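Order of writing sets the labels: A, B, C, D, E and F. Residues in every chain begin at 1.
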Amino acid sequence: MSLDEPHIDTYARGKAVSEQVNPGMEDALRDRYDALVPGLSRTVVDVAYGQFYARDGVDEKTRLLATIAALTALGGQTRPQLKVNITSARAVGATREEISEIIFQMTLYGGFPAMINALNAAMEVFEAEEERA
Amino acid sequence: MSLDEPHIDTYARGKAVSEQVNPGMEDALRDRYDALVPGLSRTVVDVAYGQFYARDGVDEKTRLLATIAALTALGGQTRPQLKVNITSARAVGATREEISEIIFQMTLYGGFPAMINALNAAMEVFEAEEERA
Amino acid sequence: MSLDEPHIDTYARGKAVSEQVNPGMEDALRDRYDALVPGLSRTVVDVAYGQFYARDGVDEKTRLLATIAALTALGGQTRPQLKVNITSARAVGATREEISEIIFQMTLYGGFPAMINALNAAMEVFEAEEERA
Amino acid sequence: MSLDEPHIDTYARGKAVSEQVNPGMEDALRDRYDALVPGLSRTVVDVAYGQFYARDGVDEKTRLLATIAALTALGGQTRPQLKVNITSARAVGATREEISEIIFQMTLYGGFPAMINALNAAMEVFEAEEERA
Amino acid sequence: MSLDEPHIDTYARGKAVSEQVNPGMEDALRDRYDALVPGLSRTVVDVAYGQFYARDGVDEKTRLLATIAALTALGGQTRPQLKVNITSARAVGATREEISEIIFQMTLYGGFPAMINALNAAMEVFEAEEERA
Amino acid sequence: MSLDEPHIDTYARGKAVSEQVNPGMEDALRDRYDALVPGLSRTVVDVAYGQFYARDGVDEKTRLLATIAALTALGGQTRPQLKVNITSARAVGATREEISEIIFQMTLYGGFPAMINALNAAMEVFEAEEERA
C-alpha cells in the first residue's frame, strides 16, 4: 500500500507506529503544546510518523540510523531528538556499535564537534538503559 | 581488526576501499589539488576511507545511506558529494527506492527544500545509470 | 475551524490553497517525482499547504514574509523555494518594498552573503513580473 | 526619511528604537562587553536597530515576526535572541497565536526539532508574562 | 582610535578601507541594489567595513584569513563572498599557501564537502591572477 | 617535510602537537569514548592534529584564530570546542584583543547571536585564566 492512494489514513498509520516506538507521545505533545498550537500533536503523528516514518521501501532500523546521522551532522539544537531516535533505534534492534559507528562517521560531514556531541547524547541513552536493566 | 591497534595502516586500508567504490579517486584528487595542498589526496584516502568508511561495526550500505541522509539534511554545498555517495550506494546494492525513501524522510529534519534538491541529485545519478545501460 | 478537530481533510484544504497560490503545482510534482517517491506530490499538498500554510491565526501575507525571512537566513540551497514564496507573497499583496526590507533585515541573522543572494532571487522575480506586464 | 540620505544619524535613530523596545539594552551590553570589544554596544544599537530595524517599508510587527521565523529556522544558538524578539513582538502587539503560528510553520523549513525548541522559548516568554500580570 | 568614541565617522572610515581593498564596490552596489533597498550600499560600507573590518586589534591579513575560514565552514551560499575575501587577502599579502592551508583545515569543522568547494573557489581566484599576470 | 611523502607518521606528529597544546587529551578521550568507538582517541590525534593542525604553511596562531572564527560562525553546538581553541590560542600567544576582535567580526557572517555566544565563551576562558593567576 502506498501513499499515492488518495484514501489512506495517514494519521491512523502514524498513530500505530508512534505508539509502538514512542508510547504516549501524542498525549504528551497534546498536553504541552496544543493549547498554544491547536492540532500540533495530531500533525506530528500524522506527518512525522504517518507520512514519513511509516512508509514502505526501507526498513525501520535503516530509517532510524539515517535519521541519527542527519541529526548528528546538523548539530546544535538536535540533542533531544537525537536521544528520542537513538532510543527508537535501540527498540528496533540497532546495536550500540551500529549507532556509535554511524555517529562517528558523521565527523566527515559535520565535523568533530558535532560528532562528539552526538556521541555524548548516545552515551546518555545507553547509560539510562543500564540503569533500567 | 579494529583501529585501536596502534600499527594499523589506515592509508592502505582506505586505499583498498576507495579503489573499490571510487576507482581512480586518489589520482584525480592528486592531479587537481596536491600542488596547492600537498598531500590532500592522501589525507582524503587515509581519513575519509581508512579511518572512517572502512571501519567495522556497521555494513557499508547502511553507512552510505546514513551519509546520504546527512548530506541531504545539510543541504547547500553538498550536491557533488551527494552524487558520489548515491553512486557508491548503488554500487553496494542499495535500491533506488531505498535511496529515495531515505532522502524523502529528511524532509522532517532539513525541510522540503533540502529534500527536493537531494532528490534532484539522485535523479541525475539514476538517469546516468540508464544512459550507461 | 482548527486542526484539532479529528476529521478535517488536510489534503483537501491544502489542495484549495495550493491551487490558488501555485496553480498546477501538485501535477508538476507528481509528473516529476511520484514514480520515484510514490505519493510525494500528495504529501507536499497535504503537509506544506494543508497542515501548515492553510492554518488560521496569522494572515497569509505575514506567513509568506516570515517564510521568505527564514529561507533568506538559511541560505544555500533555498533559492528555488525563495522564488516560489516571493511570487506567492506578491500574489497576496506584499509590495516589493516589504519583501526587500524583510530580506535586508536578515543580514542581522544570516549575514551579508545570505542577504545579497536572496535579494538577487527577489530581483529575478520582480524582473519576470515586468516582462509579463 | 530614508537611509540613502548621507547625513542620517543611524546611531541616534537606533538608540530611540532600542530604548523603546528594549530599555536599558545599550547600557547592559556596555557593562558586559565593551571592555573586551570597545564600542560593541554602540555598534549593536547603530547597526541592528539604526541601520536595520528602524527602517521604513514594513511595519515593526511584521519585522519581528519575520525575525522570529528566521531565528526558529536557524535553530541552535538562537534561544536568547528568540526570547528577546518574542518579547519585543509582544510589546508591539503580536498575539501569542501569531507568534506560535509563525514558529509552527517553520517546521517546513527548519524541521521539527527547530520548531519545538522555538515553541519552548515562546512558552517561557508567555509564562513570564503571566507571572508579571 | 576606537569605536567607543561617539563621534567617529564609521562610514568615512569604511569608505577609505573598502576603496582600498575593493575599489568601486559602493558604486557597484548602489547601481544594482539601492533602488530596491535605499541606502543598502552605504550600510554595507559603513557596517561591514567601517564598523568591523577597519577596527584595530588584529592585523588585516589575519582578519581576512579568519573570514575565509568562516565562509568555508559555513559552505553553501558563500562562494561569491569567498572569492571577494580571497582576492582581498591576496591584496594584503596572504600567500596562496596560507589561504589553501586555512581552507584545508576547515575540513575539521565544516567537513570535506565544504573544504573542497572552498578550494575550488580559491583556485578560480588564483587562475584569474595568472591570467592577469 | 610535507604530507605527500608516503611514510610520514601523522599519528606521531599529531601526538607531539596535541600533547603540547592540550596535554592529556588523548588519554581523556580514550577513557571516555574508546570502549564505544574503538580507536576514536587515536583518530582524533592522528587526523585533527597530525593531518591538519601540524601542517606547515601557516603559523599556529593564525590557524587557531581561523578555527575560532569558523566555530563562531557555525554557532550552535560548538561552545566546548570554542573554549578549547581559545585556550590553545592563548597558549601560543594570541591576545585577548585579537581573539575578541576575530569573534566580533564574525557578526558579519554568522549574525549577532553567534557572535555574542562566542564572546561569552571567550569571557569564560579569560575569567578562568584570572582565577589561575
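Quick note on the criterion: a residue touches a chain if its C-beta (ideal position, glycine included) is under 8 Å from a C-beta of that chain, and two chains touch if they have at least 3 such contacts.
Keep in mind it's a predicted model, so treat the numbers as computed, not measured.
Looking at chain A and chain F, the chains that touch each of them are B, C, D, E.
Among the remaining chains, those touching chain A and also chain B are C, D, E, F.
Distance from chain F peaks, on a Cα-centroid basis, for C. Farthest chain from chain B (centres taken as the mean of C-alpha atoms): D. Chain B and chain F have centres, each the mean of its CA atoms, that are 27 Å apart.
Chain D has its Cα centroid 32 Å from the Cα centroid of chain A.
Within chain D, residues 40, 47-48, 71, 73-78, 100-101, 104, 108-113 each touch two or more of the remaining chains. Arrangement of the chains shown, judged by which pairs touch: all-to-all, with no pair of chains left without contact. By the touch rule above, chain F contacts chain D in their complex via residues 75-77, 96, 100-101, 103-104, 111-114, 116-117, 119, 122-123, 126. Within the complex formed with chain C, the residues of chain E that make contact are 33, 36-37, 40, 44, 48, 71, 74-78, 80-81. Residues of chain C touching chain D in their complex: 47-48, 52-53, 55-58, 62-63, 65-74, 78, 97-98, 100-102, 104-110. On chain A, the positions that touch chain E within their shared complex are 73, 108-113.
Partner chain D is touched in their complex by these residues of chain E: 2-4, 6, 10-11, 34, 38-40, 42-43, 46-47, 51.
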